[in-house]
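You will see two complexes here that share chain A, one where it goes with chain B and one where it goes with chain C.
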Partner chain A sequence: MAKINLENIRHSYLKRPQGPQDWALQQLDLEWTDGGAYALLGPSGCGKTTLLNIISGLVRPSEGRVLFDGIDLTERPADRRHIAQVFQFPVVYDTMTVWENLAFPLRNRGLAAAEIEQRVQAIAQMLDLTEMLQKRAAGLTADGKQKISLGRGLVRADVNVIMFDEPLTVIDPHLKWQLRSKLKELHQRTRRTMIYVTHDQTEALTFAEQVVVMHEGSVVQVGSPIDLFERPRHTFVGHFIGSPGMNILPCEVGDGGVLFAGQRIDVENRPTVPLNGRRTEIGVRPEFVLLDERGIPVQIIKVSDAGRYRIVEARCGENPIKLLLEEGVAVPAGNAGVRFDPAHTRLYADGQLLE
Partner chain B sequence: MHGKTQNQMGWLFVLPVVALVAFNAVIPLMAVVNYSVQETFGNNMFFFEGVKWFEQVLHSDRFHASLGRQLVFSGIILAIEVPLGVAIALAMPRRGVWVSVCLVLMALPLLIPWNVVGAMWNIFALPDIGMLGRFINDLGFNFNYTQQPISAWATLIAMDVWHWTSLVVLLAYAGLSAIPDAYYQAAKIDGASAWAVFRYIQLPKMRRVLTIAILLRFMDSFNIHTEPFVLTGGGPGNATTLLSIDLVKIALGQFDLGPAAAMSIIYFLIILLLSWIFYAVMTRDEEQ
Partner chain C sequence: MTLELRNVVKSVGAETHIHETSLRLARQGFNILLGTTLAGKTTLMQLMAGLEQPTRGEVWFDGKNVTGVPVQKRNVSMVYQQFINYPNLSVFENIASPLRVARMSQAQIKARVQRIAELVRITPMLARRPSELSGGQQQRTALARALVKDADLVLLDEPLANLDFKLREEMRDELPKLFADRNSVVVFATTDPMDALLLGGHTATLRQGRLTQFGPTAEVYHRPADLVSAQVFSNPPINTASASKRGDHIILSDTVKWLAQGAVRELPDRTYVVGIRPHHITPVASGPATTRMAGKVQITELSGSESTIHFEHGPLHWVSQSHGIHAAEVGTTIELHMDVARCMYFGDGGKRVA
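Now for the complex of A and B:
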């Protein structure tokens, strides 16, 4: 069990990185508290697997230090960092039984037979694998194999952190949900630090207490699921999280306040510094766009039904605006007006939330 | 068949293949079967003899001796080439510019015809002027493949290992390359030793390609003819008279077509049986 710190970490897969585009991971500092459930969320290619492999020791960072409880482990390989990792595709040792698979990491570390037996039984019970212990691992379904991969991490007492690299990719949809709840339950029972890499916001938001959102090699926000939804600190977070994502609308900031489409918009965060020359945008989630005849004039383009509510796609000049309407609310056709809830409308400069 | 339409046109499409197989396999084989049950005389005179030739071959000491030599030879070949091939494949680089260099070097022996390999080693191992033969003699060993059975066998085995280990290497290398990195990473995290990685990841993942490699090397080595023929013609004495050398002696040397045909069929059935046993043993766990 340990607190993990990443200090000034930066990584490139090239030998001589030139510009910023050569860095798979831009410089970052991160702290992972002991026992937390983290998700590392971002689109494919944003550097999340690289970051994960740096923590596990499978990749050595080009720059910076990895500290476990203040001890520098940057140079130490994966097998000596007391970590466990579950990969995208289940890794099982085909020729072994389920029992032998679970016992493998303990046998390699030279534990006594009685202790191995006791731990394997305990973990098998936790993972509902007791019935299958004597079966050949090769014969299991993908979710069973993924449980074994996880079990090989849980069975060890010395594990500081268990890392998951998109572990549900090959699992059937109806089992994904089960396995996800299982993970959550296991986290609560064992209180081991878990870091879960995914590009799926549902997986991240349901599993994690803290979500680390990555974009183009940088960490753009670390926060609870509620934070990410309510106060996105970057337009990317607003757009990436939520379905549909946040409306990002270009605006002008001057003496008259924030102007969009010629109208003054009340925002929650007022600019305290001059924003000369910076790209300014307002962000408002579709949930907080309201119909108002006296508001900003828009054209309704399309209405789609999403169950309990409807998604209305509108257009104001060149800018698309989405809003959510509950069932039963009349949807105006053609021209309409909207306003933004001031408590949930924020100003962004160059993509960053102004604070 | 439920839900399938019967379409007689299908036969038309497989006809070319049927014709091809008939011409290159069935018809020659039937000719051999035909010879194996008859006594042949000049002027195309044939007399039916039933299974007489089969009985004769199966009870002949000469056949037993050739078969014994053949089994020992194939056994030695497999025992050397398979482990050596796997070891070389494991030692080859997995990425970088050296991969192509190694693959080309490995493929080179496979491109050389059998009789050229035989001729090369014949000269290479000559005790007086051959580089290898002379060298071994200079080291103080008495090496002469035309006089000593051991020398002849050693040369023959060296030749085959040089020629065909590459095939095992290439197949094993293909099997190794197909293992995803995650397996090695997981094994590392699990604290597995290099031996455990080989035993529990690499070897099981190579199983299918090794099955193919073993079958190919078994069948080829069991059929070997050109190399011993070029080296000593089956000598010294009968030391390297393996099955096919013996068969050709009977068929073309003595012109005993009946016994030769019966021996061909027995030879063929032995290969078929042993290949099936290898295959069954190596794939027995996969059906679970």
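Now for the complex of A and C:
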């Protein structure tokens, strides 16, 4: 296991990058501590796979250094970095048994038979594969195969980091659920460094201790799931994390405070610097928009029953506002009023949280 | 416009892929086929389209028996999970291709393609080839091609499965609007209960080639007819346990019992399967009738908006899901509150009795 540092990393797939748009990865510094559970979260094309490939050694960065425990590995090829990878589609040897699949990396390294047996049994038990060890891998379902891919990474003692690239995409929701919990449990038991790449916020937020959110080649925020939910530092994070995402509403800031739709809005953060001409918005999550007859007048457009809660779509002038209602709470129709919980309403300038 | 399956059965060799199914789909709103992989969703769609012929039974469309009529002679459009595009055509031409086949005017084609491209957010890509697009953009191109013509029957087979989470959320919002003014029967297959809930319309729950329930989506979710329908329509999975009714009480374990209320009071004394969805068993009491239950914490997942606690109670492995942040130390025993008024009771053959 190792601590991983990315120093002044920047990457372009072009020979002579010109403007910022030519860089798949804008300059960044990141530290991944030993034993952490990380998620790398962002939409497709945000640079997360490039970043993953730089860590694994499949891509050599145009600029910067990759350090494992302080040792510069930038030039070291992928097969000599001791990294285990689990991909979107399970990679298993169909003709081998589950036992042989799990033992494969250990046999390759010439471990003694007794040690192989002991390790394979331990991993199989963690993954609930003990009953299936003598079965051929070909007969397993997608989630069973994905467990084997994972098990092959865990069985090795020399692995610096286990990286997952959208590992649950091909798994049905009800099994996704189980496999994700299993992964979290395995991390707690083994304390291996794990980096989980995904576009799915639910997977990222429930698995990781720290989430690295990427957007257009840059890291926009690194934080715990609770930080990202409660205090998004960028409107993109507010929108991308949470379902539905944060309401982002244009506002005016003057001597009278923050004004939205002609009403004064209490916000949690106060601008300490002059905003001269910057685009200002307030961000408030649907969870923190409350119905209040005396509040900002809105029109109710649509109510969707999401099972454990309902999503209400309202409109204030041109601005859509979403709010969540718990099961059993009465839903208004037509005209209604809303207010924003001041402890969870924040002011943004040009997309950045004012701090 | 309606599509009807009348006592349809599909067998391949000795295997029955679809057990006898009757289903009547109207054009108002989406018709969701909800079930796990291999539940029979794709086979049902192929039978609807005429890509496969039923072993027994009939397919009717708009009051006409179309059993045996091949797909080419029906006005059907299909979208698959794995999208297919013409590699040598631009994105614009890929989307326009069904309209060219239909000999629509150039101006009309342009207007239609523009509108659909806007909707699926690929307008800046119209001049490119599919190979120059990201995976998500290629999928949206194929989706746009299927949506651009006015088909009588539109079959969407997990079209959002390979899309980014946020895009999926947006498309879930946009798709029903797109079909609102069309005269098509729309069928949408998915493994994800949230798709069904948010797309609305009607939902059919399927497992292992059997249709277990069909009705308005909210009705099927809130009042499942049997245990399988409840399981298919719950994510996270519904918690279940065997419990016995004895006189006035329901007894789940040595420490968990509650007073039977309403229709449950009338049930005969015996053993039932009790089901409760994870958001009805929470660290903080909610609802008027809660029963306490001790749980040994196995895993907690805190997403900021919701807390998910996996816990053990005797031999049971259950899940609790609640709003906000409820941190619970792994290995400790916590007290949970079960909203027993939300419990479902299943009897013989898994049929819901209360």
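Note that in this section the second predicted complex is superposed on the first by the 345 of 355 C-alpha atoms of A that agree within 3 Å, B and C clash if a C-alpha of one lies under 4 Å from a C-alpha of the other, contacts with A are read in each partner's own complex, and residues count from 1 in each chain.
By our rule, a residue touches a chain if its C-beta (ideal position, glycine included) is under 8 Å from a C-beta of that chain, and two chains touch if they have at least 3 such contacts.
Quick caveat, the model's predicted, so the values are computed rather than measured.
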Touching partner for A:Ala306 - first (chain B), second (chain C), both, neither: second
Comparing the two partners chain B and chain C, which touches a greater set of residues in chain A: C
First, second, both or neither for A:Tyr13, with chain B first and chain C second: neither
First, second, both or neither for A:Leu58, with chain B first and chain C second: first
Partner chain in contact with A:Ala78 - chain B first, chain C second, else both or neither: first
Touching partner for A:Tyr93 - first (chain B), second (chain C), both, neither: first
Which superposed partner A:Arg136 touches (first chain B, second chain C, both, neither): first
Interface residues, chain B side, partner chain A - complex: 180, 182-183, 185-186, 188-193, 196, 200-201, 204-205, 285, 288
Chain A-touching residues of chain C, taken from the complex the two chains share: 36-37, 134-136, 162, 164-167, 169, 191-194, 197-198, 200, 217-218, 221, 235-237, 277, 279, 287, 298-299, 301-305, 308, 310, 321, 323, 325, 330
Complex contact set, residues of chain A against chain C: 43-45, 142, 169, 172-175, 177, 181, 184-185, 188, 199-202, 205-207, 225-226, 228-230, 239-245, 285, 287, 304-309, 311, 326-328
Residue ranges of chain A in contact with chain B within the complex: 56, 58, 77-79, 83-85, 87-89, 91, 93-96, 104-105, 108-109, 136, 138-139, 149, 152-153
